[in-house]
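Two complexes, one shared chain (chain A), two partners (chain B, chain C).
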Partner chain A sequence: MSLILRVQDLKIEFNLEQGKVAAVDGVSFDLHQGQILGLVGESGCGKSLSALALLKLIDPPGEITGGKALYYGTCPQEKNQNQSQESKTQASPSENKVEEKNQEEETQEEEIKTENQKTSSKKGSEDTTDLTAALRQSQVQPEGGVDLLKLNEEEIRPLRGSRLSMIFQEPMSALNPVYRVGDQIAEVFQVHQKLNKKEAWQKAVYLLEKVKLPEAKRRAQQYPHELSGGMRQRVMIAMALSLEPDILIADEPTTALDVTIQAQILKLLQDLVQDMHMSILLITHDLGVVRQVADQVAVLYAGDVIETAPTQRLFNRPKHPYTKGLLKSLPELFSPIQSKLNTIPGQVPSLGNWPTGCRFATRCPDKLAGCQKQLPALKYLGQGQSLKCLNY
Partner chain B sequence: MKLSFRNILKSLWQRKLPRLSLILLGLLGLMAINASWLASSTPLYAVYQDKTYFPILREIWPLNHLDLYPELQSIEWNNLDKKSLILPLIPYSPDDYDLDAILEAPSLKHPLGTDDQGRDLLSRIIHGSKISLSVGFIAVGIYVSIGLLLGALAGYFGGKTDFLLSRLIEIVICFPTFFLILTLVGVLERSLFYIMLAIGLTGWTGIARLVRGEFLKLKNQDFMTAARTLGLSDTRLIFYHLLPNSLAPVLVSATFGMASAILIESSLSFLGFGVPPPTPSWGQLLSSARGFMDMAWWLALFPGLAIFLSITTLNLLGEGLRDVLDPKLKRV
Partner chain C sequence: MGTYILKRLMIFPVTLFGITLITFFVMKLAPGNPVATKMQAAQGLQSEALSGEVYEQTLKLYGLKVDLPKSYENFIAWSTKIIHGRDSKESPPFTRKALYEIGQATFQYITWLKGLAQLNFGSSLKDFRPVWDKIKEALPITLILNLISLFIVYFVSIPMGAYSALKRGGLWDQTTMILMFFLYSLPSFWIATLLLVYFAEGDFLGWFPLGGLTSDGAEVLPWFQQLGDFLWHLVLPVIAMVYGSFAFLSRFSRSVVLESLHEDFVRTARAKGLNKSAALWKHAFRHSLIPLITIMGTLLPALLGGSVIIEQIFNIPGMGRLAFESVLARDYPTIMAIATLSAFLTLVSLLLSDLSYAWVDPRVKLEQKSL
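Presenting the complex of A and B:
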């Protein structure tokens, strides 16, 4: 599986009256193609903020002050190359020409070093001229890939929706109440691909069918308030998928839905990952959801990723004391009726009052002497598991 | 329920007073639009020297610029045989004086009486409605456009833009509109255009504040973030996503604004600073009635009634709109 997004030491600060207050500090994670990465944490630990930062949608007083978000997605050049390679194998008379063309593209290819060799050229006749410009202008990082955080507004706008898109927790408020849902999806095509109204509408209906909205044709004509929560979430997903992005950020996509609908939506997301070779960044505080669908989990605490591991491993062998505490505090079906739920003592430190050193140290049962002196460095334990804790 | 124009009209129609005001306003509008062939001494249809003509076409805008039937230019229609003509419903032009019928009380011939030069009052009121309504629509049109634009910019971009625009609003709000127009008209010339422009250029502050407030409220909602994650431009977000969501209060405010613009124009004309004569306007009719209060009550009553009715109608419509659009005030 190839890497598609690598976030390193993301730092987001808020300029408040009492000075700069960090809300996210040190978030790092890798997202691979075709994978669902669960980003788990309590409210206010910086999950959604990290996600919005990837799209550069942090509004003042918030500010991204550090870190990198390297995106290794398909570049337009690469796509052309794939196509010409295909034609090379078929056509022989024009081979020379194709080869010349190929070489040109290879030099371009070297300019933008993408380790990602994507074979499926999934994006169709999409208008990528803006995108090409945006990716060329931006500095390509020594590690390869494009640093999303360094792009300016003009450069990142064409990437929004087409390469990275997002769905939200509250599907009611995330749809514009004055337009029919079909119009809202069609708008994306009209803006990004310059389709006319009719074509865009047809594509919108097709997408609604794809996310298994019953009676898609009729539903497209309806306004958001005429649909149920689950249907609205499907519409949101259709909208986010409209340009076939590489990465879908799902910010608590099922929190506002009841459990049966939740299961349906999660199933839909899993199917889409398989169909479209997409990667999902699943933000949630629901460990059950993560266990059900995620391939990899990153646990956040107070603006920092403290442990990352493949899902099975994280649930079977949690290492970080916080992760352990979290898993212990899950209610169990067969526990004695009168028994109390386990809790982690103490409270999450409020913004601006983070302790020095490990931020969990004040509540940690396995605290060591050095814990409150400095932040533990990231340690790799093998098997894809890594954490920040002095105990290991 | 979805707030489309059709739905708003529908729920207005279901209420008694708003329905009445819609009907009245519709009639008033029809009267203003059709004034030139409702009340005129030019025949609708005429047979003249064995040829048929539609002489009224010479007077209906925009055909009046074409100079149709040049041979009819100097004809005195009154002298022709009435049998060969079809005259409009009120066969008097607003400026046709008739010295044999000075200050006549309402009668079948002159339903609302005549003024001191024998001009038919009904005809003058009908033609006056053109002035009043066009002041209402155009002045409000100007200030709604300015208000929407500036309010949207202030609300959407915030920060320095918002600071500057808000101070501008505070400055403009201090201008006394009425005296500004008096000054303008005094310095420049008496014209309808300046009146509309002055009302338009000073009246936008209320709308701008409304829109700014709505934008501030809406711009942090999820659907805006969602729209931004789809890579839409600022212009598109403002005009396609935010504006339609904040139009409801603007509509109410514009309706009330129209009433007050009509009132301002009438007051100006009453003071003699309005539309220059001979164009009749309601305020001017009232003003010229002052001298004949004791012998010709109809001269003051009917123009006053016209002003009163149109203002009340617009205010009732505004109230109705507010009820329809604001769910908190909605009666069950």
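Presenting the complex of A and C:
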């Protein structure tokens, strides 16, 4: 598995009246190709901010003030070539299976697809040139890869929605209520590949089918408020997947959905990772979701990743006192009914009031003398597990 | 959509009926009547003592005194007796007088409704010209004045508000905020007077005419000069009319745009790869159009009301001045015609704004909306 994104010591600060206040400080994680990385933490710990920072979508007064986000992605041009080869190989067996009527439709769609690919390889060069321009401007880091945080607005814009795309927590407010969902998906193709309206629309319908939205053709004509929560999230996913990105950032994609729909959406995301060999950065506060789908977990506390481990290992052998406390506080199915839920004493320090040293020290049961003097360095424990704690 | 429009159109006459009914009786509650006003003007103060008979006759002639049916007279007598225990005709008790007045007014209202059904607004009690003729002269002037004002208000204040939303907290935003708040709090008659004093043919800057709509002898000029003359006359009245709504709407559009800017879908649009300005124009502004279009329907009635004072001050022979003069003269038919017409225009503009709401916002389904 090759590395696709490496985030190192990300720091985000807010310029407030009382001065600069850090909201994220020290977030580091690695994302590999075809992997789902769960970014877990309580609300306000900087999960979403870290994600938005990768797309440089942090609005003032927020500001990225430090760290690196090295992106080792494929160039859009290479990706297009791979894509067309894949679709050719996929097309032949599927055509044999389907009945005649479907076959006609199918072939029509294939034609459209190949046409689109032609146009995209012709016109899609806009993205490529921008990326290469970014590369030329010595944005390539000594470690290799492009530092996303150093790109300016014009350099990162072609990457947004094409190489790195994002789905949001509340699909109702994340979709524009006054445009049809088909138009909103088609917009991605119009922006990145300069397709005309009709071509883009056909692609949008195709994508809606791909995310298994029933009656995709009719649904594309509808407005967000006419769809259910699960359907809206499928639309968001379709929009994010339209250009087959390397990295999909899913910011609490299932929080606004009920449990059955949540399971469907998670299944869909997992399938897509396998089909498209894409990587997902899954941001959530739901440990159950993480356990179910993530390959690797990074635990955030007060703007810092304090522990990273493969999912099984993290749940079976948590090392950091915070992770331990977090897992202990999960209700167990067979625990006695009267027993109280375990809690971590104290409260998360509010922004601007972070203690020096380890930010968890004030609440930590295993506190050592040196904990509040300086922030513990990241320590690798082996088997993919690393943490920031003086106890190890 | 079709059923909704049909429903609204069916309820239209009912609303209009209610408005005219209330207007009519409120108008009748005002002291005085056209005959008294005229006689006072003609003879001075001793009028009533001198010519009680003439007065009564003229009232009858004007249709302001009608013979009530016998049965109603009996009803008045009966109810007066029940309440006051006596039936004296010399000094009629309060109940008797009130019931008599109500009967008279009702009768007149029914007569007026009959006329309206034939689109006949009657003739003015002031100069006996058909009311419709007077309105035909005045209405276009007021409409032009109002449409120009509405146009200016919308095309200047919305971009202004949007710009201050984009540069929130900047110098432009803060200065306009103070200025607009200041403007909004100033009464229009005062501003109008100041404009006249400082910018019209007076002691200071004589840039604009004092009043009216055309200069003397403008009829002989070629059409474009006539148009220029007309517009020249309109400058001050339009300023006096728009600045209030201007302040209101630019603040309103500022807050609406500001709200849209922070919507999640604007962020989605940028995450899709749209550049900042495309995300703003295509997503944020399109969304903020919804409330802006909808308040257009409520702005027109406000402007119509405002033009009563402005037209009076600038001596513009429009509906506003006609209304003002008719009220002073207790010219009942004209007042009623103007009220009915303004009510009609208001209802139409409200209907249009409701329809436009459904047009700009797909979430609004008019069929399901209860009336």
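Methods note: the second predicted complex is superposed on the first by the 338 of 392 C-alpha atoms of A that agree within 3 Å, B and C clash if a C-alpha of one lies under 4 Å from a C-alpha of the other, contacts with A are read in each partner's own complex, and residues count from 1 in each chain.
In this text, a contact is a pair of C-beta atoms (placed from the backbone, for glycine too) under 8 Å apart; a residue touches a chain by one contact, two chains touch by 3 or more.
These figures come from a predicted structure and were not determined experimentally.
Asks: Would chain B and chain C fit next to each other on chain A once aligned, or clash?
Replies: Because the two structures are overlaid on the shared chain, the partners are seen to clash.
Asks: Where does A:S50 make contact in the superposed view: on chain B (first), on chain C (second), on both, or on neither?
Replies: neither
Asks: Determine, under the contact definition given at the top, whether A:V178 touches first (chain B), second (chain C), both, or neither.
Replies: After superposition on chain A, A:V178 lies in contact with both partners, chain B and chain C.
Asks: Look at A:T308 in the shared chain and tell me whether it touches chain B only, chain C only, both, or neither; answer first, second, both or neither.
Replies: neither
Asks: Following superposition on chain A, which residues of chain A contact chain B and also contact chain C?
Replies: In chain A, residues 55, 57, 157-162, 165-166, 168, 170, 173-179, 187-188, 191-192, 223, 225, 236, 239 are touched by chain B and also by chain C.
Asks: Where on chain B is chain A touching in the complex?
Replies: 2-3, 159, 220-223, 225-233, 236, 240-241, 244-245
Asks: Okay, in this complex, where on chain A does chain B touch?
Replies: It is residues 52, 55, 57, 59-60, 157-162, 164-170, 173-179, 187-188, 191-192, 223, 225, 236, 239-240, 242, 249 of chain A that touch chain B.
Asks: Would you pull the chain C residues touching chain A in the complex into a rising list?
Replies: These residues of chain C touch chain A: 263-265, 267-276, 278, 283, 286-287, 290, 360-363.
Asks: Which chain A residues qualify as touching chain C in the complex?
Replies: Going by the criterion above, the answer is residues 55, 57, 153, 157-162, 165-166, 168, 170, 173-180, 187-188, 191-192, 223, 225, 236, 239.
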